[in-house]
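In what follows, chain A forms one complex with chain B and a second complex with chain C.
The block that comes next holds the complex of A and B.
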């Protein structure tokens, strides 16, 4: 069952960086596509809603962090195929993105980031004049 | 064929009760397994190949109920179909791909889409069928199945006496 293995990838610990939380961290799967003058990023973050997600932009590094509640009650784990943990992934943005107009929504465990292109980066048609 | 299939101790998925109970050998074993998995995953997902949507299940059990959780990001309640039979619970649904339109340019496609069907075997007549509840929140489906009283009585703690 190779397909079962693919869904969640755990983040590797970066060299020289120590985590301050003893949670597992997963790299969310993303789709990135461009439509017209906007770039969209979709990330699968099951267990995360708008309150438990953090999106930061520092210079050109966009970091998505999602925190997942891990309710530990008095239960026995009977069968387990996935682990619960936080999500984190960083992206380097190009200068094309208008940083002030980035928008984010979360619904049904999917984060959608809207990254509009900056005015200067928009594709322009250059009229060719005949002389 | 995957290397991990050949490793005899990985015949079943490990059920875990808590980090505290793991000894260092368990930990090493798990890390080794993870290394195999990661390595092979790297081989599998080269190129444009998209992964198949095969949601994962967790099943937990308390004294009086069984709870199953499934990660289904990107689905809504309407996309999920639950069927309870005498000896199992079937979850099926479809994660629909956003229609690719003209002018849509993909840079990255890692998320999986498609139809899935998973069945959780249950002890025959073990759960109270009328009280099964399902809740879909934040992309995670939680199904709560209260055990029938007879089934609860089956798992009874037996006091150990000294003779």
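The block that comes next holds the complex of A and C.
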């Protein structure tokens, strides 16, 4: 059996950025791999569904935010090994990604982002003119 | 009428007691050092416990829950993402592999009425307290 020791990592508050929700924020674990002309990003965001995720792209900064509500009625917390909170992580995209074709799905608490490479990046040649 | 010793309602006291038992049990766990995977949270009321675990991306068919006496065992696995052969990894942080975790509760579990749900990658297992193990409320006739 594989040795699994997965601890949720809490995000530190960035300087100059104040959060508007009084929730803990965790950094989701990700897999990023490239296959052919596409980059895939998988992020573990348990408790998040299609409606409670926000993906924004500003300039070349991709931000994933997942909101988790953990209301448990009729029960008291008797013992706890993990905490529940929102997720947030940002990535700097290379210019090679075609922003208009980014796709995102969330299934069973896993976000999958498909980031196709831009046409021009596939074969970008800079013509040098002689003067 | 039934006898009440404190201001807290009956179920509150009962929950407090359960919580205390749970804490003692967990303390004995902690001394053993290593906690297992997945991390568990245990919620409780007077009738049942609710064990939750964050297991994103696991096929529910690959999840196995078994109950014996006072213990519950959660086991399963998660495979590597399905990819072609010719890929380049940039980040590889997500876990994969098999896991198995056993937890002992401070009461006998009614195995026939255990219920489990898996939603948005969160597993929730409801473990009712066996009927014969539940506290009895004694009425005092007046």
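Quick note on the criterion: the second predicted complex is superposed on the first by the 114 of 131 C-alpha atoms of A that agree within 3 Å, B and C clash if a C-alpha of one lies under 4 Å from a C-alpha of the other, contacts with A are read in each partner's own complex, and residues count from 1 in each chain.
Heads up, the rule we're going with is that contacts are C-beta pairs under 8 Å (C-beta built on N, C-alpha and C of every residue); 3 or more make two chains touch, one makes a residue touch a chain.
This is a predicted model, so every value here is computed, not measured.
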Inset, instruction - Return fit or clash for chain B versus chain C, each positioned on chain A through the superposition. - result: clash
Inset, instruction - Applying the touch criterion given at the start, work out whether A:33 contacts chain B, chain C, both or neither, answering first, second, both or neither. - result: both
Inset, instruction - Quick one: classify A:10 as touching chain B (first), chain C (second), both or neither. - result: first
Inset, instruction - Name the residues of chain A shared by its contacts with chain B and its contacts with chain C. - result: 1-2, 4-8, 29-36, 39, 42, 44-49, 72, 74-82, 106, 108-110
Legend entry - Complex contact set, residues of chain B against chain A: 2, 13-18, 34, 37-38, 40-41, 44-45, 51-52, 54-62, 66-67, 71-76, 98, 101, 103-112, 136, 138-140
Legend entry - Residues on chain C engaged by chain A in the complex (per definition of touch): 15, 18-19, 22-23, 26, 35, 37-45, 49-50, 54-58, 81, 83-84, 86-100, 118, 120-122
Inset, instruction - Using the touch definition up top, name the residues of chain A that touch chain B in the complex. - result: 1-10, 29-36, 39, 42, 44-49, 72-82, 106, 108-110
Inset, instruction - Name, in rising order, each residue of chain A that touches chain C in their complex. - result: 1-2, 4-8, 29-36, 39-40, 42, 44-49, 72, 74-82, 84, 106-110
